[in-house]
Structure formats: C-alpha cells, structure tokens
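Structures incoming, each one as structure tokens.
One chain, chain A, appears in both complexes that follow, with chain B as partner in the first and chain C in the second.
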Partner chain A sequence: MTTTMDRPASAPGQSRRSKPLIERLNIFTALALGAISALVVWQLALHFLPQLPDGQQYFNREDKITLLSMVAWFIGFMTGIGALIGPFRWLMGKDLSHDENMFYAGKDLGVKRYFRYTTDHKVVGIQYLVMTMLIFFIGGTLAMLIRTNLGHPQGGWIHPQAYNSIVGTHGIIMIVGTIIMVTGPFGNFIMPIMIGARDMAFPRLNALSFWLIVAAAVPLIWGQFIGGITTGWTAYNPLASQAPLGMDGYIMFICIFAISTMVAGANITTTVIRMRAKGMTWNRTPIFIYGTVASVALALPAFPVFFLSQIMSAMDRALGTSFYDTTHGGSGWLYENLFWIMGHPEVYVILIPAVAALMEMAPVFARNPLFSFNIAVLGIAGISGLSVLVWAHHMYMAGWAPLLNAPFMLTTELISIPTGMLFLVLVGTLWRGRLWVTMPMASIFALLWNFMIGGITGIYLSDVPADAFLHGSMYVTAHFHYTLMGAGLTGALASLVYWFPKMTGRMFDKKLSWISFWMVQIGFNVAFMGMFLVGLAGQPRRVETYAKMFSRGNLITTIGAYVIMAGMLVLLHGVISSWRHGVKAPMNPWQAKTLEWSVANPIPLENFDVLPVVTADAYGYGKAKS
Partner chain B sequence: MSVETHAHHEHPDVVGSRNRLGVILILVADIAFALSMLFVYFYLRMQNVNDMWLPKATADVPATTPISSSTGYTITAIMAVGLLAHFYGLKGIQAKNQTQLKLGGQVALILSLVGLGYQFNTIASSPFTFNSGGYASCFYLITILNFVHIVLTVFIALGNWNRSRLGLYKADHWHVNIVNVWWIWMTVSSLLGAFALSFT
Partner chain C sequence: MSLDTEKTPQWWKKKDVKQTFVIWVILTPIIGYVGSTVQIRSMGAPASETMASVINLMGLFTWVAAPVAALVGAMCLTTLLTKSHYGDNPPHEAENEIRNSPRANAIWVSISALLCLFALVVGLIVLQKDAGALTDKAAMNINVTGQQWVWNYDYENGARSSVLYLPVNKPVVFHVTSKDVKHSFWVVQMGIKIDANPGYVTETAVTPNKIGVFDIRCAELCGLLHAYMQNKVHVVSQADYDAWVKTNATTEAAA
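Up next, the complex of A and B:
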C-alpha cells in the first residue's frame, strides 16, 4: 500500500490510544477551536497590550490585537482539523498505523470524508472543486455589485469606502480562485491517475494544502467587517500601511495561502518526478502534466516573495518598522518590486495549466495526435522562464529605474514567442481533424479568440509609450480579464465538463453545458469589449463614478456582465443536477487514451490494483501531420 | 496509451528518495524567501531613503548604532556545530551504530536550543527599537525569521533525537538523511543573514 509505506507501522496498542482523537476531528471541531482560540487571544491581547499614548502611530495596538487573534484562529483551526497530529506523532515516535492511514484516506467514511483532513487525492480534488466554485460564487457576486454600481455614471448605491473594499476583495478572491481552479481540482483528482500513481507523493501535505486555504478564507472574511480591503488587490504600500484593520485580514490570507501554494507545489512536482508509471518517459507524459508542474513549480519560488512582502507589511502596521515608510528609510518601490516579482509569474501560474488542459483535450476531440509535442513543452518552458523576467513592466509609470524600461519591454514582448508556440500547437492539432464538437472542443476555439485579444492588447501595454497612455485605465482591466478569464477560466470550465464523468461518475448535462458556454462567451466578449472602449477613451479603473461620456460603454459592460452571471448560474445548475441525476458515465466516454480513463467508475481508493506500465504516448490517434 | 500491468512494491529507499526531493523542493521556496530578504536588506541599504538607513542622533532620539556582525556569525557557528553533531550521528547510523546516532542527535538538539536562546537574547537586547530606521527594520526581520527557523530546527532535532532513542531508525534511516538536509540549509540561511547584517 503506497499510502502507508512512507512510515513504519507502530505497535497496535499505540494506534488504539490515539485513534479516537483522529476520529473526532473534523471541520466543526476546527471551526470551534479556531474561533475559541481567536476569542481567547483577542481578550488576552486587549487586556495585556499597553495603550499607546496619544500621537503614536494610529493602528499599532489594534493591528497587534487583530493579527494575534488571526494567528490564533489559524493555529486553532489547523489543530482542530487534525493537521498537527502527523508532525507531533512523528515527534513522539508514534507513527500512524496502517489503519489510521486508511482512516485518513477516508476509507469507508462516505460523505464525512469531505469534511475531514482526508488524504485521498480524489477527495482533496473534490474539496478543491467545491471550494473553487464557492470562491467564484462570492467573487462573481462582488463583480455584479461593482458592475451594477457602474451601470450609472453617478453610481451611488454603494458607499465609496465599501465600493473600494468590494473591488479589492473581488480582485484577490478571483486571483486565488483562478490560481487553484485547474491545479486544485484536476491537478489533485486527475493528475495522479493520469501518471499511473496510487496517490500523491505526500498525501497529508495534500490535505494540508487544501485546509490551509479554508483557514485563510476566514481572516479575509473577517477583514470585511473591520474596514475591508480598500487598496485594490495589489495592496500597494504605503497605502496599505495606512488602510483600515481589514488589511490585516488580507495579510493573513496571503501568508496562509502562500504556505498552501508552496506545499502544493512541492507535492505535485515530487509526485510527477518520482511517481510516474513505469514506461512513462518524459516524451510519453501527457501535456497536462507539464502544464500542472510548470504552474506549481513557478509558484514555488514566486509566492515566498509575496509572503515576505506581506510579513513586512504586517511588521510596518503592527510593530512600527519602516520597510515601506519613506520618512523612516523605507520605500514604496520595494513593495512594488516584491509584489510584481510574484505578480507576473502568477499570471502564468493561472494560464499555463488551463491552456495545457485544452491541449490535452484537443487531440481527443480532433482525433489527431497533439501537433508537435516538443514545441508544446518548449512553449510551456519558455513562458515559465521568461515570466520571471518581466515584472517591472507593471512599474513603467511608477518612476522606478527608467533605464530598465527598455529591457523589460523586450522581455515582455519576447514572451509572445512561446505563447505563439502554444497557439500553433492548438491550431495544428485541430487542423484537418475530425472535430467532435463538444463544449470542451468549442472552448478551444473560444480560448484561441479570447487569448489572442488578451495577448495582443498585452503587447500594447508592454510598450512603454502606449502604456503611458493606457496605464491605470479600464483598458488594463479588460486586458487581464481577457487573459485570466477569457483564456484561463474558459480552460477551467472545459476541464470541468471533460473530467466531470471521471470525478463524479456521471455525464455533464450536454444541453446545459452548451447554454452556459454560449452565454458566458457572448456575455464575456460584450462585457470586456465595452470595457476596452471606455478604457481607450480614458476611463480610469477602480472608480466609483465616471463622466457621462463613458456611460454607453459601461452600460454595455454591465449588460454583458449580467449575461455572464446568468451563464455561470446555468453552469452551477448543470453541476448540481448532473452530479445528482446525470446519466451514468461509462469508463471512457470520450474514447481518450490517457490513463485516468482506464480506471473504472467509481475509482477504487488506491486507483489501480496493480500499477500500469506505459508502452506508448497518449496521443496515438493517427498519423501526425507536419 | 497502451497499458500493461505488473505487481507493485515500494522499497524504503524509494520512499526516502521521494521524501528527500519533497523536502528539497520546499527548501527551494524557503531559499527564495531568504534571497528576497537579502534583496530587501541591500535594496534599502543602497537607497538609504532620506538618509534614514542608520538615522543620526536628534534632540530626542540617539543615533542608531548597528549590532556587531560577530553576533550573527556566532549563531551561525552554533548551528554549524549542531550540523556537525547531527552529521556525526548520521555517520553512526550508516555504520549501524545506534549510540553514535543518539549522541549526535542529543548534541545537535542541545546546540539548537543554545542557538535559540542566543538568537532570542540578540533580539531582546538590541539597542534600538522597531522604528529606528531601515537598518533596524531589516535587523528585526532577519533575526526574527532566523529565530523562527531555529524553532523549527529545535522541533526537528527533538523528534530526531527521540526517534533515535526509541530505536526507530534501526530498519532504515532516510529520516535522518532528510534532517541533515534541513540542518545544512539552516546553517546556510543563518550564514546568509549574518553576512547581510555585516554590511552596515
């Protein structure tokens, strides 16, 4: 049993003593312990932290109290869910027994396993799927509040401070949602089976990465009630140092999420490098695996930088240090550098797995081999490599290092070459194929259209003179929505429909998938074309009111946004109804050749009775055209 | 994809190698974190915004004087000796010598505790406050994060010693190898911090 081989078995007596505690812990104990810990620490901090004399920095004491309470929440929650049992059992020399590992894997636990610290990668995949849908539901609701407010030039029905917070929260929630939308559900559920493994390399770290996100969500929600995130999702300093206490929720959220990303990155990368089936050479490894690994491996060095920037932000707020305070030797540019060193690779952390998922589907629905596998791999590697060398194009107008503008313009524009390679692979695969027009297949065309617009408008923004005019306008907002949503989300929704039969054992309702697809795509293009128009005309982003000359474009965008919302609700209905009452899925409904389609529904706990040996690549649908 | 099947068994070496890679990858994240910290230090030092890297004396506040660089190197030396002690234990278990493993682990644990105490004392007795300019901010950042690193080291060293004491490494000792990787990185990261702080 692979899930138990990584630690020696303990004596039966030892396991029997601690088993009841493991069985008692679940999301409810976690929430309770987290809440109690936060309350206790809050009261203690209120009581013991000295009041500052008048004139000293405003938020120091309150920030200390808030941050300490949030840290207490985090520790309490992780203890209550059972994340610390493994490390402490290791410390005591009482390793988990086979039975305990099976319990952790969710064996015979039914629905309860979804509410526990379950290590089975399939359970974690489903947990991520539900979490992603919840994030998009909340983030989408906030988007609709923004668009409704912008439906009229005077806005008005949301208080400006609340509006700012809605914009910031929408931004950060959606960024996190899009980061996990492919690698979370499909990277966890599908990837290990696709490479012929019984589980992830570190099943407990897998559960940890998911529950860390749950733990992170609470401070973010908490922050909404103590002033919100009024700085936009970038939380630029020194603005963030002066923002209300809600900023502490953002800081905690990012710190915990960064840990989750690092853990997931190490876990997924190790799984792919060490646990591929016998015979699955790198040339026979499916392209989706490359996309997933590139994404998490890119996040591995990028997110610690963001993590550090937030620790420094917390220290400035709570301890009075001066990393970003220019009057005391700090620098706002320092924050911008740290933020964008993470911020730009993060775009590709989002995009690459979504595009790779569509590259995985293209051969299946075109019944053609993947066009130039090596170019696809080179494209992914090229984007990943260049993405860490482009961060300062976000800072052209900030005045930081003007001499570096030209080199950064060059590296940014160079990235269009590997991106073009991925386009070439997709078009080449579809070329003269026998197209099976399903919703995932149509999503490939949608991606080509949306990503082309997102990519070309990005070239203008990477150009220093053009950026001088477009920077900070709605044009930028439209551009990144075309890449992250038009390309990224399109890939994620196609992945949902494509892998739904394997994940749930039921087919996704075909009619609903099509209705949703067209509504989302039409609504999306209407919404963000309207946004491009007002951006080109000069409307700044993140504004609550605007001049009347922008009202037509904004109205178009708001109408488009409502169509997207309706389409997403149809999709949600499709997910729920298909999961509950959908047609039972055969083992391989798409006649695909990757390994996940070779296991029966429902998938056994350890995926394979005996591990497979791979003797050919996954794209042998016919002779490759060149 | 053609599929054949074969029976499946995993050797502890395979599991050990997998765990080692996982730890190294997590260390990649930690290394990125440490390097960013150095970037922060040298960026603020070179910018010296408003001449506030090391603020001069005013009527109310004395000048900020940097901590002696020997402090950081002393902690690094303690951790380096801890690493050597752990390595001595590792060599012992490789030669099937349980006593050497236990002794090395015990000394490493004691040294990690000494390092922890010393680092705490350095932070607590610093002659400036959090808002004493850029250098002070960076000093606290580096030393506090090194303190957190040493806390983790104490946890790991305690577990390692306890497990050695219980004889859990008789069959295979890949855990000890991985703890060694951590000790190496811990010493290097401590050295990086000390190196940065020596540039005042």
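Up next, the complex of A and C:
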C-alpha cells in the first residue's frame, strides 16, 4: 500500500447488478452466519453427543454442547464478517487487487465502512471508541445495580445468584473496557499519524483485532442467560468448575479476547518499530507512543497465559481433565498462578497508556517541555519489567508458598520507584509552566490526586502483615478502582477530549466536559473513600449483604456512584452532541507539536500526501528548543 | 537567559520554591494526621497483638508517605495558584529552561528507593514475628474446616463446634482446610487471614488478648451464600473456656 490519494476511485464496477462477495459481507451477514452456525452445531451436538451414564460429572455433556455451539458462533461470525477472504484468496494464489484493498480500507464507503471489516486505522479507532463507550455503558449499568443493591444492609432485591453474576460480569467487562480504552481508540486512530505513518503495519490484522472483540462479546451475553458468571471476574477454580453453564461463556469470551489482544499487540509493536517517520529516532518518539507500545508489549506475554488458563478450565469442565481438581492430582493454586501471571501485568496494560497519554498532554497544556524524557521512558520500562515479577502478591494469603511472600513483597514495593518517576515527570512538566486550564489539564491534577491515593494504599496492601487484614476486603476493591478508574479512566477521558477534534473534526463542548469532569471526579472520590472505610472496618468483597455497622459507608459509596453515573451520562451527551453539531475544529486547536496535529481535518485516507521528516522531538516549548 | 548571578538567585531563594516549601510544611502534618487517624479509627479496637501491629503499620506508613504526597500537592498547588491561564487560546509558551535536572532525578529516585527499603524492612520484621507464632510449641491447635457456607471448628480434645471459642491470652494455631471450594478464614479484629483450600491444610496463628465476641468472615467468593458465611468467635477466660469445652462442645458435635 504505497499509493497516495490520487488513484482513481473504484467506482465503475458499482453499476453491475451482482456485487462480488467481498462487497456483500458486513456485520449483518456476520451475525446471521454466526447465529446459524451456532444453532446448527447446537442441534447436531444435542443429537449426536452420547448421553453419559449416571454418576458421571453432571455438567460434562451440557458443557460440551455449549462450548461447541460457541466455537461455531465464533467461526461463523468471523467468516461472515469477511476475516477469511484475505487468507483464502492468498491460498488460491489470487491475492487482493489494489482496488479491493482500497475497498477494504473503506474508500468512498461513507458510514457503511464502520459496519464492515474495514482496514483503515482511523475507522478501526472509531469502532474501538464506540465499542469502549458501549462497554462502559453496560459495565456502568451493572455497577449501578450492585451499588443500588448495597444501598441498604439487607440488599436483597437481587437474587444472590444474579448478584454474583452481575459482580463477575461488571468485573470482567470493565477490565476489558479499560484494557482497550486508550490503546483501542487512540492507539489505533492517533498513534500511526503521530509517528508519521500511512496506516498500521498489518491493516487486516487491525480489523481482525476489533471484530474479534465483537465476536467475543456474544458468548459473554449468552452466558448471562444460562446461569451467569457467578465466580467474580477471577473465576477461581474449583468454584468455576462447579459454576453453571454461563462459565463457558466467560471462557469463550476470554479466549477470543486474548487472541484479539495478542493480534493487536503484535500489530502495534511492529508498526511503531518499523514505520516511524524518517528522522523520528527513539529519542524523538513521543512519550504516548512509548506508553502504547509498553502496554501492548506487556500484553503479549500475559494474554497467552490467560488463554491457556481458560482452555484448561474448559477441559476440566467439559472433558473430565483435572488440571485444577485437587482430588484428582490437580491444584487450584495452579489456576491462581496462571491467572495472576496474566492479571498483574494486565493492570499496567491498563494504566501505562493512560498515564502516558496525560504525559503527552502535560507539555501541551503547560506550554512547557516534558520534564526529563529519559526518566519518563525509564519509568515506563521499569514498571513494565517489574510488573511480570509481582503476581504472587495476590496470593499472600493463599497459603501456596509462605516462603515466597517476602521476595514478592520486595518486587511489589520496588514498583513504587518507577511509578514515582512518572509522578516526577508530570509534576516537573507542570512546574513553572503556564497552565492552560482545560479539562485535560485538570485531568492531570486529578490523576496525580487519585493515583497518589491508589499508590499509597497499594503500599499498605503490598505489606504482607497488613495484607493479612486487608486482603479480600472492600479496601482492595477501593484501591484498584483508584488506580484503574481514578488514574486510568481519568487519562482516557482526557484523551477523548484532547483528541476529539482530530478524530471527529469538531471541538468537544467545553462546558459539558467541565461538568462531567467535576461530577465524575467528586462522585468517584466520595464513592471510593466510603469504600476504603468499610473495608478497614472489615467488610469483605463481593458480598450482597453486610452487617449494619457498614451501612453508613456503603450509603456514601452508593451516593457517590450515582454522581459518577450522572457525570458519565453528561459526558455521553457531550460526545453525541459535539460529534453531531459541535464547533468545527481548526487543524491544531491546542497548538501542540506532535505530528497528528499537522494533518488537515478531515484526515485523508492515507493521512499524509508526503511522509513527514522529523528533526526534533515534540516538546520544544518556550526557550527550550532542542 | 543571561548568566548574571544578581538576577538569578539561588534556587532555594526563588519565590515559587519558598511558596512550595510553606505549603509543604503545612500539608505534611495535615495529610499524616488525617490519613492515619481516619484509617486507624475505621479499623476499630484490636483484639490481638497481631492486629495492633497492623494498625501501627498503617499509621506509620501513612506518616512516612505524607511528606511525599504533600510535596506533590505543594508543587501542584503553587503552580495552579500562580500560573493558571483561562480562555479559548493557549497562553504564551513558558520561558523555562528546565528540560531535565539530573540532580532532581537523583534525589527523587534515591528518596523513593530509601522509602521503599524502609517499607520492606518494617514489613519483614513484622512478618518474621507472625511466622514465628506458627511454630510456637505451647500453642493450642484448632482445625478449621470451611464448606459452603459454614465454618466448623475441631478442638484438641475431640470437641467440635460451629461457633469458635478461644481462651484469652493463649496462643492458638489454626489448621485451615476446605471441603469444597476455596474460602478464606478471616478473624477480623485479630488481623489474621488464610485461605481454606480443598485438599490442603494452611496455617495461621494468633494470641487473642481481649475478652469479647469478635467477627469471623469468609473473605473469598465461594458461591451463592458467600455473604452469609460468617460467624462469631467468643474469647473467654481460661476457666470459662475449660467449662465450655467440657459441656457444650460434645453436644454440639452430636448435633
């Protein structure tokens, strides 16, 4: 794809009555083919899978049928969306022509390209953005159900099984939502332009990674109707092996999502390594790019382990293996290890790009160079490196290896050093700057506040004796909401407002961005301060009812949660109204110096007519030209 | 900028540095006091040495973290109060020559490394004490079995109960296991917790030092009625304990 925009459009073929297959496939054919495949395989499995004699494990046959139907859905959906056309044509020796590639890139397709297997990174970025908002909408609704149920000590209007399922589903989809919230929309839309590239290294893999998430979502929803995900997002065994069939939905969801993350990780890493503009040396590469690459590169070793842990879980359920079954030689501790070997790098997969995005915005809104680029890179690298060595701090109280508690306490506390470097960079950039007070600038302060609280409470939790009290309590829940939501989501929302003009061509409504900022931040701090207090008083996590002594703290949290909800709805209104009829954005509304602000609105199909040449880094504000 | 020393005072004499210092001095005790007091009050009165040391740890860590948090807060406040610009257009670019400061980096990293080391050493000392309690030969042993969704306690003399009774000031080692899924045995006011795993026995130890009734809760999601998997521990005098073991335990075991 080395062409420029000036090629003639592929219009002539459109007058023909019979369209080629490639032009027929879209999300509707995908949904239809997925549903048909699932139904057919379900019926076949129902008729041909042998009945088990009495005394065999109860769920075995049903699990096989469910998993087979879900795999059929997956294959049907991906075929229906057109993911297989490229590889198939290549196998036949008839690789896609230039016009077909342009069609795939969404040329002249208008709105339709958002509902197809489109390879243009800008389309994929918008698709990810809408997907992320949808996930937060659903996950937020579930959170409100949880908080409403906990508004009163008796709770009780949600059945315990449904409640547990809501907690588990809220957990896993918010984790997925926060994993994709920065690297999905902004990593795909902004990152290639920021490094001066025309598209991603592998545009078709880019489309694949997005549509895999859509394919993954359906088993999760499906799972809600066959018993739900009653195990929490961690799905510990042996609880998961006795959980209802909804667990198979969780397993399929994770497996498909893990593939999506691996594909996206390989793609983004390759793009950044191979496709930076001429002259963009590593020292001139913007810090957001470092954050994105660190995040996806961290996911590369982590998610195969997640994938594997769920395959083994599925085998235990459906095929009678005993990886996690103590009575037959397995161990639940094996699952916990596999899960957290993914699980701890994964929280930094969420956090790093959000902090890096704010580090990218700090120089722009402080009109000041980024303080100590090298320390920023070192901090990101240090967190990434250490994060794969800390997983067993989730298992201090598991009894698995008491002797390892001390070394894991060491590695966990060491992470505070590179984390401190990120604070230094942010504060150093603001120091003696000229602060342009906008919502992204306020978000930097909000991040420093929330992440400080999340970080310090993390030090208490990393301390084994204190963790003996705090582990499994609401304190932990409040802590990781402070890091993932207080720091992570704050960065993502700031990114949305910051890059909105480039992504949509319109400015984000200033007033609405401020209203939602204050409501979300105040509501958030009220909600999770209350949660810290009930955790310290001894309320366990994931309970649907609690002792009367916790009622005040829980009421505070519930009130805070409603304020967050209102703030997020204001934000949603802001997105929709600004997108539809906001003020048209100039090319560079923030007067920033990174490359994405040097292309016109709307951005042409392959971004640059002439690829840019970079001669300095993007932080030459004030006198400090470099 | 010229190198004229008269116009550029040494860094600690600059106005914003002085302002930051004042705010830092004010903020540090406020953060330390509020942070530690609120947390310690929420944790309630301890019922064992172990819990008392957890409370001390939380207070200590909060006070040690306070100057760091206060420094970040003071620098933010100074900047925000003196350098803010509002409006639709960006202000002029800052006339700042600080792109990097090896000295600031070195100091910052050294201090965070020292604080990290401090947290580690304090943690290790307390951890060592807790680990030592497990091998106390004078301790009494109680087997704890979790199952969905109750706890059962087996005492050394063969007695069994579903509500825990402990004599005050006597070390006790809990041997914890589970019959079905993973649970977590949490004696809240005594500050101990250990998971109950099916097929394995895990251990934790404590010496209750206060007579009273305290809470035991399951701290690991264990299915439908996880929220209800809690009961009480009665800490009584040695004489009351001996009497209780003789009379009550056998009847409860039979039930």
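By our rule, the second predicted complex is superposed on the first by the 603 of 626 C-alpha atoms of A that agree within 3 Å, B and C clash if a C-alpha of one lies under 4 Å from a C-alpha of the other, contacts with A are read in each partner's own complex, and residues count from 1 in each chain.
One rule holds for everything that comes next: a contact is a pair of C-beta atoms (placed from the backbone, for glycine too) under 8 Å apart; a residue touches a chain by one contact, two chains touch by 3 or more.
These numbers come from a predicted model, not from an experiment.
Chemist: Answer with clash or fit: chain B and chain C placed together on chain A by superposition.
Modeler: Once both complexes are aligned on chain A, chain B and chain C fit side by side.
Chemist: Does chain B (first) or chain C (second) touch A:D463, or do both, or does neither?
Modeler: second
Chemist: Check whether A:T327 is in contact with chain B, with chain C, with both or with neither, and answer first, second, both or neither.
Modeler: Touch partners of A:T327: chain B and chain C.
Chemist: Have a look at where A:T141 lands relative to chain B and chain C in the superposition and call it first, second, both or neither.
Modeler: So A:T141 meets neither chain B nor chain C here.
Chemist: More residues of chain A are touched by which chain, chain B or chain C?
Modeler: Chain A has more residues touched by C than by the other partner.
Chemist: May I ask you to decide whether A:A266 touches chain B, chain C, both, or neither, giving the answer as first, second, both or neither?
Modeler: Touch partner of A:A266: chain B, not chain C.
Chemist: On the A-aligned overlay, A:Q43 touches which partner chain: chain B = first, chain C = second, or both, or neither?
Modeler: Touch partners of A:Q43: none, neither chain B nor chain C.
Chemist: Of the two partner chains, chain B (first) and chain C (second), which one does A:Q154 touch, if any: first, second, both, or neither?
Modeler: Neither partner.
Chemist: Nearest 10 degrees is fine: what angle do the Cα centroids of chain B and chain C make about that of chain A?
Modeler: Spelled out: centre of chain A as vertex, angle of 110 degrees.
Chemist: Once chain A of both complexes is superposed, is A:R367 in touch with chain B (first), chain C (second), both, or neither?
Modeler: second
Chemist: Answer with first, second, both or neither: which of chain B and chain C does A:S473 touch in the superposed model?
Modeler: The answer is second: A:S473 touches chain C but not chain B.
Chemist: How far apart, in whole Å, are the nearest Cα atoms of chain B and chain C in the superposition?
Modeler: 8
Chemist: Hey, what residues of chain A end up touching chain B and chain C alike?
Modeler: 326-327, 331
Chemist: Hey, which residues of chain B end up touching chain A in the complex?
Modeler: Touch residues, chain B against chain A: 1-8, 10, 12, 14-15, 17-19, 21-22, 25-26, 28-33, 36-37, 39-40, 43-44, 47-50, 52-53, 55, 129-131, 133-138, 140-141, 145, 155, 158-159, 162-163, 165-166, 168, 171.
Chemist: Within the complex, which stretch of chain C touches chain A?
Modeler: Listed in rising order, the residues are 1, 16, 38-39, 42-44, 50-51, 53-54, 57-58, 61-62, 65, 68-69, 72, 75-76, 79-80, 83-87, 90-101, 104-105, 108-109, 112-113, 115-116, 119-120, 122-124, 126-127, 130-131, 176, 180-182, 184, 186, 188-189, 191-195, 197-200, 202-204, 215, 217-228.
Chemist: Give the list of chain A residues in touch with chain B in this complex.
Modeler: 2, 5-6, 8, 57, 87, 90-93, 95, 198, 201-202, 205, 262-263, 265-267, 269-270, 273-275, 278, 284, 300-305, 307-308, 311-312, 315, 319-323, 326-331, 334, 337-338, 341, 593-595, 598, 608-618, 620
Chemist: Considering only the defined contacts, which chain A positions touch chain C in the complex?
Modeler: Where chain A meets chain C, its residues are 160-161, 164, 167, 230-232, 236, 238-239, 242, 326-327, 331-333, 365-375, 397-399, 402, 405-406, 409-410, 413-414, 416-417, 420-421, 423-424, 427-428, 430-437, 445, 448, 452, 456, 459-460, 462-466, 468-469, 471-473, 532-533, 536-538, 540-547, 590-591, 619, 621-624, 626.
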